[in-house]
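The two complexes that follow have chain A in common; it is paired with chain B in the first and with chain C in the second.
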Partner chain A sequence: MNEPPAQISLEQWHHRYTSLRAAGFHEAPYGGPLERHFTAGDYRLAQLRFDNSAAALRLWNFLLTETERLFAAQRAGKKIIGTMKDLGTVPIMAYALPDTIAFYPDGTWWIPCIMRQSTRDLAIADSLGIDESFCPVRAMLGAFETHQHFPPPDLLICSVGATCDDFSAIAQRLASRGLAILWWEIPARRTPEPTEEAIALPGGFLAGGRQVDFVQAELQRVSAALAKTVGHEVTDARLAEGITAANRIRDMLRQLRNLVFTAPRCPLPALEMLIAEMLAIHYCSDRQQTQEVLGELLAEVLRRIAVSAGTLPADAVRVFWVNPVADLQAMNLLEECGGRLCGTEFMFCHALDPIPTDVAPMEALARMALADPMIGPSADRAKRIMHDVRQFGAEAVLISRIPGASHCALEGSAIRAIIQRESNVPVVEIEVPPLNEGVRASLRTRLEALVETVRRRRTS
Partner chain B sequence: MASGIVAYSSPFVPAEWIAAHRLTPLRLTPGPSVVAAGAGICPFAHDFLQASQVPGVADGVIFTTTCDQMRRFAEQARASLPTFLMNVPATWQTTEAVGLYVAELRRMSEFLITLGGHAPTAEELRQTMEAFDKIRRNGSFESRAQWEKDRGGAAGDTLPMNLASSEKGFIRIALVGGPLRKQDAWIAEHLQHAGATIVLDATETGERTLPAPFDEARVRTDPLAELARAYFLTIPDAFRRPDSLLHDYLSREVQARRIRGILLIRCVWCDQWHAQVARIKDSLGVPVVEIDLGQDDHDTPRIKTRIDSLLDMVR
Partner chain C sequence: MICAGIDGGSRALKVVIFDVAAQKILASAVRDQHVDHNGLAEETFGALLREAGLQRSDIKRVIATGYARNLIKAADTTMTEITCHAVGVRFLCPQAMTVIEIGGQDSKLLRLDPPPASTVRDFAMNDRCAAGTGRFLEVVAARLDTTLSELGSLAERAASPAAISSTCVVFAETEIIGLLASGVAREDIVAGVQNAIATRLTAMAGSHLESPILFTGGVALIPGMREALERALANPVTLSPQPQITGALGAAILAGRSIK
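The block that comes next holds the complex of A and B.
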């Protein structure tokens, strides 16, 4: 069943799938040929290039069946928790409870890309006054109106405070449509005051003890709402178990990232790495399956590294990518231009770092929530990026601006300035809309220029 | 060198708290900046930063987290001026949120002391609050602006929109939205020339953001808690979650003042106010026109046309 690693098209996956089946390939319940998702409306797949491994197929099938799995779970009587913005904290609490699934409606920000704007989501957002000057996450508004992408959640939770204004405004627009939202506050992370205890957070940031206490109290409110909705208390024992499971997944992702970003030849393409990392946030609505999907990817990567196989030329330029992209195809484009992924900071490194297990579970989650790179100073985030750039040996940094996002205009230039002050790594900023066709030529030129810059440096 | 002047912009920074520390509060309204803000950057936040950094204007500056870009500009301000970033919670209906606001006032006190301020006793705070409250109760909105100007002693802290008295035959208009800068004063003049009168200034720099009157008994027993209540629990704003205070306020005032049209003014790129437009249109039952203010005056003819279109709708 194993073929040399390659990136293949959707059409090529049709043939590859047939041969995998013929060879007795065993699939997960959500398995099947990739093209069925295209037929169902995921038209962007026709323009993407995918890794050709069975592990990657499972990853894609897992991702692209989330909608039907969520509806099936609700039909089966499970409680569905919609959690917004915090990217990683609340789902750990939700999955700690029996028969409970948490998902991020924020994830619909990829729907305009995946479905090539064939749905009404953005038009509905427009009609509600949330136009294209906002981040593509505005597609969430349409999704809540149509109920096509996820079922109506039993409880909707949103973190606010030190968040981007566009998300907060969009969530408020949802509330104005009659949806009850439990708002919880995440304060801007600050340097500890001399009069308070300095708490080390996962990932290395520091927070004042009073902030940790405050967030812990906020999470207690969330916990009470979850218990009321689900009918089970969020006990320390359950939370501890949830944290153990989260850490297991984070550890797998840490291994995967280390292997992929440091291997002499790239063993797994950028697109699949992006999707794999996203699983950490809410386990794509199935914690057990996330573990299995990552397990297969890890095994595949180890197998490829053992035989020095990869999907890209050995001299591909090692690029560190900052912020997720609205158009998945941009990840392919990097590789087409001669780059490879060598480190990422997709705005949720706090969902990848190990959660402390030496403090009470709720305090551990508060520390994790405060480690969110987006709630602190850009300098903190830049420092973290610099650390990872050095760790993975990246040769360039690419900052991908999210159209309309309130944080990008200031943050991108701040991060860029700090990286350039502290290293000689070239940095480029791009902006990627949900469908990049209109700007593809200029994107390609900028990525090619970045790759050429690094190659020239190698030889000089 | 300024003499104990502390600049700020957010209405959630209580001037009384700064004054009680024997420092001078300066609610700074920026004027035109010679430095371009750049794409995606809020012109007000940018110009506020620039104005606060002018030598001699202030000894320290306070930013708040009520706006994402203000929060991020605080990082830049630190490079050249003592800077305090105040966490103003977006949530407000919980005891935790009120507690955080009070804790942030205490933390601000430590900052003010580093600027040469003096930690006020409860009695000093009470007296300061009563002095401010008296002016607000006895005077008009304009007198408060004048008071702040006199206390500030530095240019730049006047509020640009003067509320016209209701004039017969003029169309009664409300201004709603974010903060205004000095250079935006022409909007009021244009409205007046076009036959309108502003009967409600609900912009951030207008009367919407005045704190509630203080309760005398509570000022006597716990002045800091009362200060927090009057500011944090009563000022309606677009960033608050939920934002029901804002919509209750607008609904009440539009009806009480017989407002016939709303000019919603926001800075370009301001998501919080842009997202309010459709809701305000839906809920208030009067014509609403939105204008977005950039950094330069190239857009003035376009904005004038939009203002005129609002008046056409109302006539």
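The block that comes next holds the complex of A and C.
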């Protein structure tokens, strides 16, 4: 059943799936051949190359069945919580409650990237005045209109304040369509004032005690709304259990990252690593399955490392990738050009850190929320990136940018300048637009040039 | 040992034949690009060989670079223009630390490792818009009913350079139409466009530019551009001796090194 690691096309997965089945491969309930998602409209899958392991198939099937899972949960009477922008905090509270699941409507930005590009999500967003000058998250406007990707949530929550301008505009447009949104405020993280208690945050940052208190109060308000919707209190005991479960997943992801980014031969491709890391914030609407999916990936990676097997040549250039991409082919392209992923900062690295367990659970969540890289100064992000670049031994840093995503439009340059000042590692910025094949050649040139740059520096 | 570099740029094709032992350019050619990139490369390379009195078999290795590099069948292998420009610049100007290259459809800024290394430390390139490229100047020349070669002399006569957007060629063209309608002199518009291109490069450069800065690429041939860059960067900028062939030269040098 175990074939040598390789990256294969959707068509090749058809044959691989047949042989796995013939060998008695055990599948999860959401399993099945990968091409069925293509048949259902996920046309961009045909342009990708996938890892050929059964564990990777399970990961993809898990990702691509979230819509079905959400509708099934609603039919089963579970409460559906839509949470926007907080990147990992509210789901922990929601999953602490019985018969409740949370999802991110902002995750709809994936839909044009991979799923059902034939749906009219972006066209609807255009018609609502949110055009392509905005972040691809605007796709969620269309999704809320069509109800094709997720059911109407029982409660819709959105963090505001230190969030991207265009995201705020999109969320406000949603509110103007009559959707009831529970807003909670996340302030921009600042250095503690001299008269203020300095609170340690996950990731090694500090926040002022007053900020932590404020966020905790805001989360209490969210907690009260959740309790009212679900009919159960978010008790400390339940929350502590939720934090333990979240930490288990985070721990698995940290193990996966450490193994994949430091192995002499890359045991898991960049694309699957991107998808796996995303599970940290939303669990694809099933926390238990997330653990199982990650468990299989970890086992596969360990098996490959034990036999020094990998999907890429051993001399692949070790690249640290900053910011997620809206065109998943970019992850494949890095590897086609001779690179490999060796560290990532996809804007939610705080969701990979352990949530503190030595303070009251709500305070722990407030600390975690304040550790969000998107609400702190660019210098904090750069500091963390530099730390991880050194830890994983990256030879280059690639900062990608999504057109219209205002949060990273200038931050990339700021991070680049800091890394250039503090290290000798080549840093290159690229712009990766969604749904745009026209820039593929120039993107390839940049990636090839980065790989050449590192290779020549190795031997100079 | 003789090697060759072919730079299939978006607007021009450049070929260099290089004597590796003597470290000397034997012949070079620049031709306007054609839809048939490979055909033009074959024809130009063949003509250059004849001009230099060489046979194809005399050329030990050929590296292609530039946007059309993968279409050039005469090449043994390819390298990106980033790498090739760095090597070409190090040959022509051994002390250079920063390279600004403005070509037909893209612009680049390369930070080099200290000499004698010819390696790139990192680089930046323009994204989708052609605002910082030679294409911008072509659009302007057409709009002002002049030629690329005359732009420089027009800019030199500017009394008060116009303020023009540096972010989008399409918007900039609209601005130019508006400026013409307002009676702004062509000279001032051209100087304004040169400043806009230089400003665009400055934004790309970030805050860590080391001198000496070398200016290369086809746009370096247009008078006034170097001065516009100097003003925008507040640093001296040196013109590359043979700005159009730097990439092809770097490719030829790399071809030689790959044999050694």
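Keep this in mind: the second predicted complex is superposed on the first by the 456 of 460 C-alpha atoms of A that agree within 3 Å, B and C clash if a C-alpha of one lies under 4 Å from a C-alpha of the other, contacts with A are read in each partner's own complex, and residues count from 1 in each chain.
Basically, a residue touches a chain if its C-beta (ideal position, glycine included) is under 8 Å from a C-beta of that chain, and two chains touch if they have at least 3 such contacts.
These numbers were taken from a predicted model, which means no experiment stands behind them.
Undergrad: Once the structures are superposed on A, label A:261 by its partner contacts, choosing first (chain B), second (chain C), both or neither.
TA: neither
Undergrad: Figure out whether A:187 sits in contact with chain B (first) or chain C (second), or with both, or with neither.
TA: A:187 contacts chain B only, not chain C.
Undergrad: Which partner does A:169 reach: the first (chain B), the second (chain C), both, or neither?
TA: Once the two structures are laid over each other on A, A:169 reaches chain B alone.
Undergrad: I'd like to know which partner A:103 touches here: chain B for first, chain C for second, both or neither.
TA: The answer is neither, since A:103 touches no partner chain.
Undergrad: Is A:205 touching anything from chain B or chain C once the two structures are fitted on A? First, second, both or neither.
TA: A:205: touches no partner chain.
Undergrad: Specify the partner with more touching residues on chain A, choosing between chain B and chain C.
TA: B
Undergrad: Taking the superposition on A as described, I'd like to know which of chain B and chain C A:320 touches: first, second, both or neither.
TA: In the superposed model, A:320 contacts neither chain B nor chain C.
Undergrad: Determine, under the contact definition given at the top, whether A:457 touches first (chain B), second (chain C), both, or neither.
TA: Only chain C is touched by A:457; chain B is not.
Undergrad: I'd like to know which partner A:348 touches here: chain B for first, chain C for second, both or neither.
TA: After superposition on chain A, A:348 lies in contact with neither partner.
Undergrad: If I apply the document's touch criterion, which positions on chain A are contacted by chain B in one structure and by chain C in the other?
TA: Chain A residues touching both partners: 413.
Undergrad: Which part of chain A faces chain C closely enough to touch in the complex?
TA: Per the stated touch rule, the residues are 403, 413, 416-417, 420-421, 424, 426-429, 431, 433, 439, 441-442, 445-446, 448-449, 452-453, 456-457, 460.
Undergrad: How about chain A: which of its residues touch chain B in the complex?
TA: Against chain B, the touching part of chain A is residues 128-131, 133-134, 158, 160-166, 168-173, 175-176, 181, 183-185, 187-188, 190, 193, 195, 210, 214, 217-218, 221, 377-379, 404, 406-411, 413-414.
Undergrad: If we count contacts the way the header does, which residues on chain B are in touch with chain A in the complex?
TA: 38-41, 65, 67-69, 71-73, 75-76, 85, 87, 89-91, 94, 96-97, 99-100, 103, 107, 110, 238-239, 241-243, 269-272, 274-279, 281
Undergrad: Which part of chain C faces chain A closely enough to touch in the complex?
TA: Against chain A, chain C makes touches at 67, 79-83, 106, 111, 113, 117-125, 127-128, 206-208.
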